[in-house]
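Order of writing sets the chain letters: A, B and C. Residues in each chain are counted from 1.
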């Protein structure tokens, strides 16, 4: 039931409220009227209430000074907001509606001073799940960013989920239609998506606002700096979902997390909190949700003041000897997924698991 | 002074006490009559005393439903039992005596639903120390497990020690007899033992109930998931014992622990607690001793419900590119040990160190 | 304003005060008369004052029994000394003056029982910064140590800073003189310095007493065991200073710290405390500043009691497969620095940054 129209105090204003326009969901803020019911607001001390005139300064998307993003919403700030992951579609649309240079459907791309900002903001899937089409948009955005004069890339997400991985309802739908053709198509989409990260030459900073699952977590080691909100968590339950690892996680996870933890994540679906992911090396640093986007922006802007040559050459030094190895791993992982999906046995196993889950929910 | 006869309430009952039969030493439980003296029981509040009729539900070995293992012992539960590592041989024998499908002498192999369970339970060495004969038994068990329909392997130990590494009294005895011949024989036994782990294609889960020393710790990174009891600890004092690293630890330890800590372990014999080993990546997760085996069993059974193809292919993706490298390392490490043992100088150095230790004890 | 003469209670005594002669700056001790001004001593309770007759037992340099180092100074002990990094040149000179077998200018080399001790103690740069000349001295000392009968090498520093990396004022001076020639000369000096660490065959133990910056931090993973005082910290702000990584950190840092943290250090200049560096694997263990040198000495002496063959062969096993890779990385990194320094653009960027900093200070 996504609303496509602006609502509830959100205006299309262009510039008038520029300085107040930071609004970017990391789960700690909701819109006043819609979320009252499950907020338990009566329990919050009134001092936490933010008046209608005071916008929340809490977002990445719109803290970008040269953008034309304008959100002037009446919001209620929830400081103890760990419990609610509300996937507020309307918020995303409102970000997108006001985005002037938008040429994508499921991501928002913003050209900033010295860097490109890609925001996952999927309209065609839930919780920023990835479909071949969305992965293609990201690839296209990466391709543009590699050619322009930006020095680095910032990847983040709109909403309270960073990325929930492959879209399994899409997967089931397509594979039950035409197993042979679709398994190849989807596996190749993943391969090309992952390859685009492997080959991207400028530093990639990722800001993880919330849960990062499956492919959404697997690609993190292919990025260069990973900052996470305290609310983020990480899970790659491939074996549990009857899948083999993707996103080069079969190589990068043991390297970073150690064999034992990597296997526990990939085989048993072990969930890592932001702090655990940080202490084990998947994440560089964890920030408090309410200041997460400011902290990230501050650092990204400072990085973007560095010499472009130094940034690109440093990344080249760090990655070049890994690149061909990662491409091989990616190729093998996607080959294996294709085999699984095109075999009736592998598919049955996947279907029966996923359908159980769907009925469960 | 191992007793080979059942004693003290242990019965050979087959099935009658099936539901009560969980008993598996991780050091927190001892048998009533034998251990009273050094227990300091008078200091324990009486509420901790478990009546003779209440078996301890605390073990891996016998929580396996389809086994015929029956231990009905009168035990005293010690909740603060960190201080005593009593290597109660009788406990092991009682496990073995009741084991119906036992075809090994120093290990117990149990075919479970979806997985194979190998328990180190050495009769011919102390503290599950490894001799060429025991290593051969493990290899044989791995070979069987690789060929049968089990999806994964669980490796654990009977008693309160996981594995104390190479049996040095055996080593001294043999090498002083015929240096040249025995150095080759023992080094090759190690090589083949380690190789069996490198080449094993199904996931290996290890449950570390207590100390894991030398080769017993070195092989852990060759396994896939490592769960440890809070009571476990890890030490590989190769240089201190005048040995060079084995079990591929010269490669895997720096990879997992970082160069600095790996070297401190291998050169200075730095001891890692279970928590340290976990925070540094050698161990996936640490569990409370009293519930350790249940936690492990729960997870292993869930893993065993996964698709066999997915488990094996995932492991293949994660390990294949490492396999030949590890085999080289293993070959070199064992070559080096052989050289040390066959040179009079290396041997003297080893002897003088080990004999000092033996006299010390 | 370095004083080259003994002063303030420091005597050239040879042996008379041997047992009292431990004095080695890690920042927690200063000499009485000189540092009164900025000590804020009036705030310290008098119980912390150490009488003139009580030497501080707190140093590495002179706790070496067979040396002829004799420092008998009146010192004031500051227990809460985290805030002051006083680079007391005189202390260093006093160490050097009493050093009998000194053949170097900016380092002190001591031949101990079973090991060689190299102390960074730069006279020609501040804070143990590295110039091509100093790096050449270290190389020469490494070369000597590799050929003599010592079993391992201990590397530490005099003063309260371990090493502040490349000497940037030297760099600016030389590069502005003759960009083309000097960029080659300095890059080659770095290459050969780093290569000497890569190729050194005996174990290297590093004792980090205070800040380790840039190249001074980058070379740590090329050493084998890294012990740090609680006062140590680590920073490699290459990109910030408009440089590309050196010392093989582009390879070793991601290996040890994980991609994300490595990049945050190299790109954003993230500073690691001793504890953080330890929990992430750069450092093996952290010791309390006041007992740091004793702890290190104890362990180094124990290591030096091991068999030389075992030490060298263990290191060989651990490093051999990495050596050629590291040499390639080193070559590439230095090639890149040379290119940066010889291009007018790279140089301008470096100059403008460094000059800003210098004026700032």
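Rule of thumb we're sticking to: a contact is a pair of C-beta atoms (placed from the backbone, for glycine too) under 8 Å apart; a residue touches a chain by one contact, two chains touch by 3 or more.
What you see is a predicted model, and the numbers here were worked out from it, not measured in a lab.
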For the copies subunit B and subunit C, give the interface type as same if over half of its residue numbers appear on both sides, and as different if under half do. different
Which rotation angle, from 0 to 180°, best lines up the CA atoms of subunit A with subunit B, given as a multiple of 5? 120
Where the centres are mean C-alpha positions, what is the separation of subunit B from subunit C, in Å? 42
Check each residue of subunit A and list the ones that touch at least two other chains. 255, 279-280
So in the complex, the part of subunit C that touches subunit B is made up of which residues? 203, 220-221, 223-226, 252, 255-256, 279-285, 299, 302-303, 306-307, 309-311, 313-314, 317-318, 320-321
Which of the residues in subunit A come into contact with subunit B in the complex? 238-240, 242-245, 250-251, 254-255, 257-264, 266-268, 270, 279-280, 325, 328-329, 332-333, 336, 340, 345-346, 349
